[in-house]
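Below is one structure. I have some questions about it.
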Amino acid sequence: MNLSFSEEDLKFQDEVRSFIAENYPADIKNKMDNGIPVSKDDIQTWQRILSKKGWFAVNWPEEYGGTGWSITQKHIFQNELADANTPTLVPFGVSMCGPVVYTFGTQEQKDRFLPGIINNDVWWCQGYSEPGSGSDLASLKTKAVKDGDHYIVNGTKTWTTMAQHADWIFCLVRTETTDIKQQGISFLLIDMKTPGVEVKPIITIDGSHEVNMVYLDNVKVPVENLIGEEGAGWNIAKFLLAHERTGIGGIPALKREIRRLREITSELPLGEGFLKDDELFMDKLNKLEIDLLAAEYSELRTLAAMSKGGHPGPESSILKIKGTDLQQGLSDLFVEALGYYAHPFMSEDDLISNEGRIGPDFAANVMPHYLNYRKVSIYGGSNEIQRNVIAKAVLGI
Amino acid sequence: MNLSFSEEDLKFQDEVRSFIAENYPADIKNKMDNGIPVSKDDIQTWQRILSKKGWFAVNWPEEYGGTGWSITQKHIFQNELADANTPTLVPFGVSMCGPVVYTFGTQEQKDRFLPGIINNDVWWCQGYSEPGSGSDLASLKTKAVKDGDHYIVNGTKTWTTMAQHADWIFCLVRTETTDIKQQGISFLLIDMKTPGVEVKPIITIDGSHEVNMVYLDNVKVPVENLIGEEGAGWNIAKFLLAHERTGIGGIPALKREIRRLREITSELPLGEGFLKDDELFMDKLNKLEIDLLAAEYSELRTLAAMSKGGHPGPESSILKIKGTDLQQGLSDLFVEALGYYAHPFMSEDDLISNEGRIGPDFAANVMPHYLNYRKVSIYGGSNEIQRNVIAKAVLGI
Amino acid sequence: MDFSLSEEQLLLKDSITTFVDKDYLFDVRQKNIKTELGFSSDFWKTFADLGWLGMPFSEADGGYNGGPIDLMVIMESLGRGLVVEPYIPNVVLAGGLVSRLGSEEQKKELLPKIISGEIQMSVAFSEPQSRFDLNDVITSAKKEGDSYILDGYKSVVMNGPSSNNTIVVARTSGNQLDKEGLSLFIVDPSLKGVSLRNYSNVDGSKASEITLENVSTPASSLLGNEGDAFSALEEVIDLATLAISAEAVGIMEKMNEITLEYTKTREQFGETLSSFQALQHRMVDTFMAYEQTKSLLLMCAAKLTDKSDDAKKAVSALKYQVGIAAKHVGEESVQLHGGMGVTDETNIGHYFKRLTTIRAIFGNTDYHLKRYSAL
Amino acid sequence: MDFSLSEEQLLLKDSITTFVDKDYLFDVRQKNIKTELGFSSDFWKTFADLGWLGMPFSEADGGYNGGPIDLMVIMESLGRGLVVEPYIPNVVLAGGLVSRLGSEEQKKELLPKIISGEIQMSVAFSEPQSRFDLNDVITSAKKEGDSYILDGYKSVVMNGPSSNNTIVVARTSGNQLDKEGLSLFIVDPSLKGVSLRNYSNVDGSKASEITLENVSTPASSLLGNEGDAFSALEEVIDLATLAISAEAVGIMEKMNEITLEYTKTREQFGETLSSFQALQHRMVDTFMAYEQTKSLLLMCAAKLTDKSDDAKKAVSALKYQVGIAAKHVGEESVQLHGGMGVTDETNIGHYFKRLTTIRAIFGNTDYHLKRYSAL
């Protein structure tokens, strides 16, 4: 057992840190540091910088453009990105669609879809949830009926993050109706420009537009856009859910945020002193920090086990629950830190124009963040579903 | 709405307080105040003092020897008893068997059993649980087969508190095997001196002997000991469980104990000061005190509603959950208060001889109390069962 | 001991409940909060017409002599309807201070207009560094001839934007944290040197940041005796804390109902959500959290009515409990709604937002736990 | 980064696990704790024979050069078996202090006997007022000629009853809370003025209250330099905190297993307990609590091995987490066992009792949260 960084690891850390320092665009950094929403362009710019360096599809096999890094290197890389407060990498292409394509796709499909993902020309979104399905993903109703060399797709997808920016959507569709609802599901890639695809925004309680309804009305999709066998979609979905959950914990970002909150306690005036003089508040902060430390090492243990072979299993469910608990808990502590100044509402436009903030500079994003983060225990398989998964797969009940 | 005491209430309070001051035997008080176990004799002595005054069967209808007090008076009485740290009244006769007899019994049964309960000549215990039944009370297997003017009873009862001291046991027995397990259960009174009744102690993790196994081997019970109709036992059981739960919260005792813990924080040395200087500990104490205040007023609301007619309903399940949560939480705080001095174990004999206590005087009972109180969320219908009851009866699901 | 409401209180409750259920529809509210005013002046007129605005004032002042229990009844019912109209800042806070400290002239001038709904007022008591400490005041007032000169900054003033007058807490003597030396001034926001930055809060209410720069206000605008405002201010904030706690209890009761209803209809895996035992037990817990809070609400209203010695302590116990239960009930309600809980379209998220701001208003759990402990 | 155990560590783990599963049976343990000694001297001999007692000592001292990770492996496995034999007070605490501070003579005298299991030792570090503060020491030692005169009272000395020697922490200078001025003395309990009151703890272990009245101990019994004991004491207690945390992790893992097994067989309402979703989710939570603690245990063992700057902070983070998880896992395990969980006959309640005392030993959650915050 040895959890310290080797000489090479430390050199690698320096390399990553220098690269970010030299290449992270100042205008994007300014937005991120000041809670001004970043645009799709900003994200694309940053992801292309990483991609050019060969550091974008970190987890992919080397043959497809991955890095071949060790677990420790990946850990260092994620931490450095988070420390520098760079935009979160959009997972739908690189972490979700990409792995599905290189794991389950044909050579032709790999050649066709992977380059667009890795060079950030093609943006993806995820067509999983439906209005009726919720946590019961397999109950999905969107139908794909084969008609010669096409599928005709009809249905509605919901909670589709970034659909308004996406070029393509990967969908779970029902190609057959069977008694066992997990059967007859297929994994289909759909060009968002196809006639019959319509995107409608869903505004969430924080006032933001992140998710959408995607209506599919007689959408014609070529059969070569089918990934894997017809009817084998549920296996791909399960593979993907486990993949999604390891990332969903967002530990490196949490580490940056809790450091930031600690700084803030020395900045926020309280009576004749500062918030850091408030023992009750600091206790909560310290408790959360310890909890985060435990989650970080739990994630490292899982990653270490994965590096010895095998995909992330039910452990990813534990990471999902702990990570999202921490995200929600920390966002709540930020709200508490601000007192009344958590209440003023700034629209996205207010923030972009960066005028007329109320209270401390960082205040504007705090309550929206708390409200928005209610979603994290709901999406990606709700935390209730994760508990069912753990009960079944880990406890054997 | 008016929650303050009237002139008469205050007068009543004085009367109760004076009576206790003048009549609570000093030797029993000494034991109670110093954590020395009280004997059956002690309890009987105290209960007879109350009984003679007419203050024992407080909740009974006046015609059977009850007090006819208002809710407020009962509240005052319970608080005064608890404040004076008198022995907890043993519920099996006065709060359980008595109400069953005067509610469901024949005139003959009333005449036969109520006097013994009210004057404390006859001690009762409760034969409900069985080794296999647990929370699923209705699955009980003890059989009573009618044979002329007797039932022949066979089976095993468990968790029978104070069976070693009891003269009689009231039992749920199966007089018929039906598809619906709640049917065919009857309520039978059994003299513990009947041949075939055997009591075996169960020692609990705190080292005490409070509960027992009661073996019933071909026990001959006259049919006139059946309460209510044959097969109507389940209704009586439900009536009784609701009765039991209102008392189970033990709010008045909790109020005395938390006051005591607050005193202790000024007595227990900590560094150069006292435990009360420890903000983290005092926060927990204050939180618990507020929680207790809420539970107290919840109980008063329930009692007030009951006084306007009707038996305690599913609200008693809420009181049971909250009260036992508080009992366990407070017993844990006592443990925390003591640090290392919660660990030494004193046997009952050590305590009775009152020699060689380790650490602060009150320390010896603290950990046993914590350990013993694990039971309160298990017995009287486990807190899980109570949640099922509330879900069904209050939430309608 | 009697927990039941009087005939009049039951009628009051009925009347508000009927209004809320029939007229105060969710989509109407959502439209209103997006207007410049941020609420409905028609509804406000209704409140006046039905006598709700006059409830806490004495008959001599033109009111109905209502006590803490009446206030509780009103706010619990308004809470169930998620009513955004500024009852607390205007009637309870500003009206409460004027009725307690005002000269006959000031009372005659202002109270009838508050009761009739003609004017809006607010109280500017918090500052960026004060968090929830009422005695932490830097804003200063210095007497100069027949005037006072005010300088300072007041933060998150509820109902500031539509206020015809704002009662400003300022320091006429002493140090930043002293309880002595606080004075109140009824400030006309159009005075030179007063600048307001108005905005909406996440719960749909409106508020202002108020800067006071060398503001000269006539000595007649002093409310009460100079330097002596703290105890009345604390008393009024305590009453407002009861009021907002009652609002929270109404909100929680309603959220539990909405959530229970949702779980009874929403199906997953071929069964309604309400049939899953893990969810049942969690709904029992949110129900109990509501019940516990309701019990402390009743206790606190009674103790304030009786002017008990431990009334302040009861207020802090209540608000502490509100903070705990609001987080619990609020977050669970959203979670049990799944995705629907986080959309702007459905009402549950808006109840959640109001419940969340209430956690901090007039002091969060930490503040009230400390106050409880200190009292 | 590598979380895997070495070959040797895996063998060590296997050997203890085999011993615990095959020989350390619950009823044997229960008989042993009721004896005068309170544990089995035969088992202790086995520990010595299998080399476990020598693990933490250097080869020069006759040991096996084991580090914090080896200690973790040992204690986690002993925890699973609910082993009551006094490994921590004797080997980790007393042995740790002698090996760190002892003169060549002292080491030669004592360490081989500890390693061979011939002697028992203990460390008397706590006092009635000290709670968990190692620097809070009133017991005094004054030099007089070739001796020191000890006066004071030491409380809850683990393994005190069977100790041939007890290392007493005493103050040779400074004030009650000073870190400077603490000294250690290897005290023979048969010395005049030493009186022991021996007893059992609720977890089955033995302890003593030790009164020191005008005890004259030779200057040669001083361990380390006069007045300079604090940092070594803190280091050894930190290592012992890792050890007892590992024991707790082993216990929690075992309790979760036992409970899961029980719920799979126990039927209620015609179904096994494990089929109730509400219980399933709670068992998932206790499993996660164990996992979180295990992660911090590994982190802490690694940081102590590396002598990281933040190793002390890691110890406090770990022990805080142990306190939280122990309460959670312990109480839930008993609850899920129903009545069986509180009987003296079944093993779960005894695991629970040990886990409960561990919550306080070497500092409870409050103490370590404060230490974490202060470091």
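Letters A, B, C and D name the chains as they come in the text, with residue numbers starting at 1 for each one.
FYI, a contact is a pair of C-beta atoms (placed from the backbone, for glycine too) under 8 Å apart; a residue touches a chain by one contact, two chains touch by 3 or more.
This structure is a prediction, so every number in the text was calculated from the model and none was measured.
Q: B-C versus A-B: which interface comes out with more C-beta contact pairs?
A: B-C
Q: Please identify which chain has its centre, taken as the mean of its CA atoms, farthest from the centre of chain B.
A: Measuring from the centre of chain B, the most distant chain centre belongs to A.
Q: When the C-alpha atoms of chain A and chain B are each averaged to a single point, how far apart are the two points in Å?
A: Distance between chain centres, rounded to whole Å: 53 Å.
Q: Roughly how far is chain B from chain C, going centre to centre by Cα mean, in whole Å?
A: Computed value for the inter-centroid distance: 43 Å.
Q: Just how far, in Å, is the C-alpha centre of chain D from the one of chain B?
A: So the centroids are 38 Å from each other.
Q: Going through chain C residue by residue, note those that touch at least 2 other chains and give them in order.
A: In chain C, the residues touching two or more other chains are 276-278, 280-281, 369.
Q: Residue numbers in chain A touching 2 or more other chains?
A: In chain A, 280, 283, 384, 387 touch at least two other chains.
Q: What residues of chain D sit close enough to touch chain B in their complex?
A: 126, 128-133, 136, 155-156, 176-177, 197, 199-203, 207, 209, 266, 268-269, 276, 278-279, 327, 331, 334-335, 338-339, 341-345, 349-350, 352-353, 356-357, 360-361, 364, 366, 369-370
Q: Help me check something: in the complex, which residues belonging to chain A touch chain D?
A: These residues of chain A touch chain D: 1-5, 70-72, 75, 282-283, 286-287, 290-291, 293-298, 300-301, 304-305, 318, 321-322, 384, 387-388, 390-391, 394-397.
Q: Using the touch definition from the top, list the residues of chain B that touch chain D in their complex.
A: Interface residues on chain B, with respect to chain D: 129, 134-136, 139, 158-159, 202-205, 207, 269-272, 278, 280-281, 328, 332, 335-336, 339-346, 356, 358-359, 367-368, 370-372, 374-375, 377-379, 382-384, 387.
Q: Taking the complex as given, what residues does chain C use to touch chain D?
A: Answer in residue numbers: 276-278, 280-281.
Q: Touching chain A in the complex: which residues of chain B?
A: 279-280, 283
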